[in-house]
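Chains: A, B, C, D, E, F, G, H, I and J, in written order; residue numbering restarts at 1 for each.
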Amino acid sequence: MISCREDVTKMILSAKVRKGIKWRDVTEATGLSKEWTTAACLGQMTLTKPQAEAVGKIFELSDEAIAWLQIVPYKGSLPTAVPTDPLIYRWYELVNVYGTTIKELIHEEFGDGIMSAIDFSMDIQRTEDPKGDRVNVVLSGKFLPYKSY
Amino acid sequence: MISCREDVTKMILSAKVRKGIKWRDVTEATGLSKEWTTAACLGQMTLTKPQAEAVGKIFELSDEAIAWLQIVPYKGSLPTAVPTDPLIYRWYELVNVYGTTIKELIHEEFGDGIMSAIDFSMDIQRTEDPKGDRVNVVLSGKFLPYKSY
Amino acid sequence: MISCREDVTKMILSAKVRKGIKWRDVTEATGLSKEWTTAACLGQMTLTKPQAEAVGKIFELSDEAIAWLQIVPYKGSLPTAVPTDPLIYRWYELVNVYGTTIKELIHEEFGDGIMSAIDFSMDIQRTEDPKGDRVNVVLSGKFLPYKSY
Amino acid sequence: MISCREDVTKMILSAKVRKGIKWRDVTEATGLSKEWTTAACLGQMTLTKPQAEAVGKIFELSDEAIAWLQIVPYKGSLPTAVPTDPLIYRWYELVNVYGTTIKELIHEEFGDGIMSAIDFSMDIQRTEDPKGDRVNVVLSGKFLPYKSY
Amino acid sequence: MISCREDVTKMILSAKVRKGIKWRDVTEATGLSKEWTTAACLGQMTLTKPQAEAVGKIFELSDEAIAWLQIVPYKGSLPTAVPTDPLIYRWYELVNVYGTTIKELIHEEFGDGIMSAIDFSMDIQRTEDPKGDRVNVVLSGKFLPYKSY
Amino acid sequence: MISCREDVTKMILSAKVRKGIKWRDVTEATGLSKEWTTAACLGQMTLTKPQAEAVGKIFELSDEAIAWLQIVPYKGSLPTAVPTDPLIYRWYELVNVYGTTIKELIHEEFGDGIMSAIDFSMDIQRTEDPKGDRVNVVLSGKFLPYKSY
Amino acid sequence: MISCREDVTKMILSAKVRKGIKWRDVTEATGLSKEWTTAACLGQMTLTKPQAEAVGKIFELSDEAIAWLQIVPYKGSLPTAVPTDPLIYRWYELVNVYGTTIKELIHEEFGDGIMSAIDFSMDIQRTEDPKGDRVNVVLSGKFLPYKSY
Amino acid sequence: MISCREDVTKMILSAKVRKGIKWRDVTEATGLSKEWTTAACLGQMTLTKPQAEAVGKIFELSDEAIAWLQIVPYKGSLPTAVPTDPLIYRWYELVNVYGTTIKELIHEEFGDGIMSAIDFSMDIQRTEDPKGDRVNVVLSGKFLPYKSY
Amino acid sequence: MISCREDVTKMILSAKVRKGIKWRDVTEATGLSKEWTTAACLGQMTLTKPQAEAVGKIFELSDEAIAWLQIVPYKGSLPTAVPTDPLIYRWYELVNVYGTTIKELIHEEFGDGIMSAIDFSMDIQRTEDPKGDRVNVVLSGKFLPYKSY
Amino acid sequence: MISCREDVTKMILSAKVRKGIKWRDVTEATGLSKEWTTAACLGQMTLTKPQAEAVGKIFELSDEAIAWLQIVPYKGSLPTAVPTDPLIYRWYELVNVYGTTIKELIHEEFGDGIMSAIDFSMDIQRTEDPKGDRVNVVLSGKFLPYKSY
């Protein structure tokens, strides 16, 4: 009995290691970005029926698991409020160190409002650099203004 | 008596509102990016003597305050581990929802290691869009590999 | 020296009690809803110059305080993550008890996405009822869909 | 052996996905609002015997599970004090940003007391809007005054 | 400048010690129970104008402070979620040890609902006992049923 | 293998629902108050051998489970420091709102010390009331004075 | 204006350093144990009038401060739930490492109940030891049994 | 498969109840104090091979479990930072109420340093007392001085 | 089904005790430092295929488990933010007591930046000492400077 | 009025920036290591009279402040349990990632016990390295064994 999306995420992660699947292989099957596809496999996004079936085929999931991939999950991928994993912590640190800076600069440019985390996309790329390759990330979020009413 | 950098940040914020200063004005004075300059004024980065004096002139700071701007601050700009401000929370949410995704994709591309939050730069830009302008952010961090020893 | 919006909120609250001002008086001055106006006075929204001046006149604020009302505040009005005040706690309880219900029903109707807390309005009304008057609240938030990319 | 209501909630959620049941189907069977019915299925409300049997029939529950649906549950549907799921977080954010505003306006209208979360109902509706459909929620709670004694 | 009820509570506590006032003296002035009167002086209840003036006279409060006593306070009298003071902790312990028992017995008697903490009164009395005097407390709260809708 | 009292509590709760047992039935078997008996069944008190056997007979427990009922349990019945269940939360709220009041009044009457939560009894009764029946609770705890040494 | 006992504790600590007072000097003035006397000066116990006056004389306290020493304080001397100071942490560690052991042994000897922290005394002594002097602490607390009712 | 010491602790506790073993019986087998022996059985200390075998014989443990008893455990016996069990809480309360007192008196006697929780022993005894028997606990820890370097 | 690295860590720890393996035996097999090798076995580092096979042979792991050893783990080895185990706590205490000192001295020597925890190595050695042997630890981390941009 | 060591730490930090003092200057005056001296100035260690006077002279402290430097402080230099400052966080991360590794290796070498954080010294040095200079830290702590009793 599968009773939450997390059960399916565990099946996917288990199959991924057991069968040596790469996220880029999954991306080819869905025809979507590697960021969105991976997030969906990790239980953060909702797949359409064809997407879920494509993912299910790769990871050899049961029909029940494939059905769960089409259900909106309870989101949030981290086990603690402050992440302990060093790679993810660095992102938390950016938010902590630069948080007020980001806030000030977006407000100076756009006024009061937020950068959407829903109407949003992310692109992670490797950039070669003689001093050590870099991770380049482009985040794009619609600005949503607060308005008086 | 000034006993921590936060006292100086408060002076800067107070003068900024009182005198109607924009961060872009400060950026011109330092000749550096708006992101780094703002972070420095908000108590997260360390200024050189000329930078501190330029900033001090704009915000009419005392010599003591200018000296503090050249001292490495205790970093972290948020009052709570999970930020309550909606704009900053959206960034925390990105880390929470996409955290494991970012981790998987960087590791698939680079192997074990992290994206540096120190050898790092950020660029925040407005992109016009007929469906609503977007905030575009480019993050660039050196990849630092874990190595066995 | 005013160094954060909270200082201005305290001035407003102090003047409100000292002078016996009602929120509805402030609402008349701004010409906006009582909900938005009150939230702005309590340090959660950003006022335009005329709005800030109208509010400043009512509460006899200094020019510096009026300038701060036009600055985007660091939002979040509660001192603890779980509110201790009984009236506000009941709202927290609603989110806790009905949170998954709200999530299920919005997703069943709209698919994956959120109800915006930015493109949002709230209207609080008294409804007379022989068994005891009721508080009626209408919340309206734009649905923002997650889309694959 | 079933030893808490949460076990039954998991059975319901599992059957719901496996059999493609919609909450509106369940609502028809109970003859009650979709909000209350869903909350009950998610382990937050107590069903009468006929309601429990109707629900049990839809989800093919055992007699033991149906008996549990008639037991008052330990309420609270969220795994963390501050919810990580973006949809539910937006509601937490509303309470955080507007909490003091709601408090002020209800007290200005009614005096000291609370808006009941028990003698309470909720109605969630879709409103079509050319700029993007909206979620409209009507909350109705009896005002309960504090009285001196 | 007084900007929150807590400032007035401090004035009352300071005057109480300085002038050797007893809560029972204050109770006589308000004509209400010692429990409600004390809670009001400690910033948890709202006084009417005559009550506030009577209290103000006893503690020699300013008009501004007396005005604050008539404003609904942000309630919650404890500095930490789990109280450190031994007397108050014992009450927290009772809720922790007997919490599920209280829940079971009230539900067995009344069905689903709560015992109101608003339509509520408390009476604390000393009972002489040869084995050591006892504190006897009578709590009375209206039962509020959850109803389906 | 039973390795903690909580395992036995789950067995009792499961049998209670499965067999439709009422706490008052258990009370008759033990000959003690319904409050103490229920607390014991919920894993907060220690039963004597005859009491444990009487309880074991009602819930059809194994000898091993009956042995565990005679072992002093690790007490505390709530899963979180601040309870999420509305009925239990109301009690937490009483401690939070009235905590300092209770402290002041007991100290004014008895001097420094505490109201015991060990040499303690509780009696929960329904009181009929035309405006809605009430839950009446009598708490009785021995006063234990701090003494200098 | 003194509004809480903590203000008086600060005065005592300040005078103690400024005037080079030892706790043993204070103990002589009160005629009580050094443990109780020190705890009282640190804001955890309530002094009688003569004791308060003796303490006040040593630390040159105002009459207002001396009055506060006779008021039951809000107890708890640590700024965080888990103490950061190494000496105090070792005690917390003892409770954490030996907590279940202490519980088992007291219950095996006495049955269900607690060791009182109110009817309690503590004696801290130095014991010479060639391998390094030792701190010897004797704790004595009355056993209080839980009884059924 | 046993993968942590906690699994063995559960086996011991289960066998203890099932077979009616007393800690004093175990103590006789190890020839050590009841405090250390009990702590070891509860997963806080490391046994030698003969001690582990003696303990294993009493509780009928497998060879694998006996091997685990000889492995240094991850110490800490409490499920929450602030213990909920009343007996253990009283000890936490002592640390909280008397923490700064203990610190002051040890420092006055010994200077800067700590009382060791490693080079440490504890002895818990019953003392008869006509007013109610007492728990007497002697703690002995080596004083470890901080030294400059 | 293995679904996270923690499952493999448990297998390793279980086999280690069952078969009496020492970390130094594992170190010989990998040819790397004992610190890195142990951290890898405890689920904190990523092994190459030959290293994973060598480790797998020692602990008799399945092919699936060996595959997991080559996957970058979610790092963080402690169950609570503040560790309860005395040995590990001492390290937390060092960071807490000496944290600002380390920060000041590194900044005085190097300017603003950090000591890397990624380009890092650790060496733990026993040093004989007549007053008691010592643990000597050498930590070496690359200094990474913050630079303006 | 100085009422805690933290007040003196603030005076020292303020004077340090105002007068451009380096920690190495202070070290020369005390004749002790830079690590211990800095920790003492930051409120973590206790100075002798001559050391306090030397430090007081450098920072132009009052006699009262110099007296406080000779009082054992309440230790702990970080404002939050998990440090937000990136440099200090890296050390917390080391404890988190390597914590169980350090524990295993010390126990394998020494048996059960701890590495003392009291009988302890630290030496921080710069090591030149063509790939980027390194911070080298040597920690030396006496091993303290747990012994049975």
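In this text, a contact is a pair of C-beta atoms (placed from the backbone, for glycine too) under 8 Å apart; a residue touches a chain by one contact, two chains touch by 3 or more.
In this text the structure is predicted, and so the values were computed from the model without any measurement.
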If you tally contacting C-beta pairs, which pair wins, A-D or B-I? B-I
Would you kindly give the rotation angle relating chain A to chain I, two copies of one sequence, based on a CA superposition and rounded to a multiple of 5 degrees? 70
Compute the distance, rounded to whole Å, between the mean C-alpha positions of chain C and chain E. 28
If you average the Cα atoms of chain A and of chain C to get two centres, how far apart are those centres in Å? 31
Roughly how far is chain C from chain J, going centre to centre by Cα mean, in whole Å? 46
Overlap residues in chain A, where contacts from two or more other chains coincide: 35, 74-76, 78, 81-86, 93, 96-97, 100, 103, 107, 113-114, 116-119, 144
Chain pairs that touch, as defined at the top of this document: A-B, A-C, A-D, A-I, A-J, B-C, B-D, B-I, B-J, C-D, C-E, C-F, D-E, D-F, E-F, E-G, E-H, F-G, F-H, G-H, G-I, G-J, H-I, H-J, I-J
Can you list the chain B residues touching chain D in their complex? 82, 84, 86, 89, 93, 96-97
Which of the residues in chain D come into contact with chain C in the complex? 22-24, 34-35, 38-39, 42, 44, 75-78, 81-83, 85-88, 90-110, 113-117, 119-120, 122, 124, 126-127, 129, 131-144
In the complex with chain D, residue positions of chain A that touch it: 1-4, 64, 67-68, 71, 74-76, 78, 81, 117-118
Given the complex, residues on chain B that touch chain C span 10-11, 13-14, 17-18, 20, 80, 82, 84-86
For chain E, which residues are in contact with chain D within the complex? 32-33, 35-36, 40, 45-46, 51, 72, 74, 100, 103, 107, 111-114, 116, 118-119, 121, 144-149
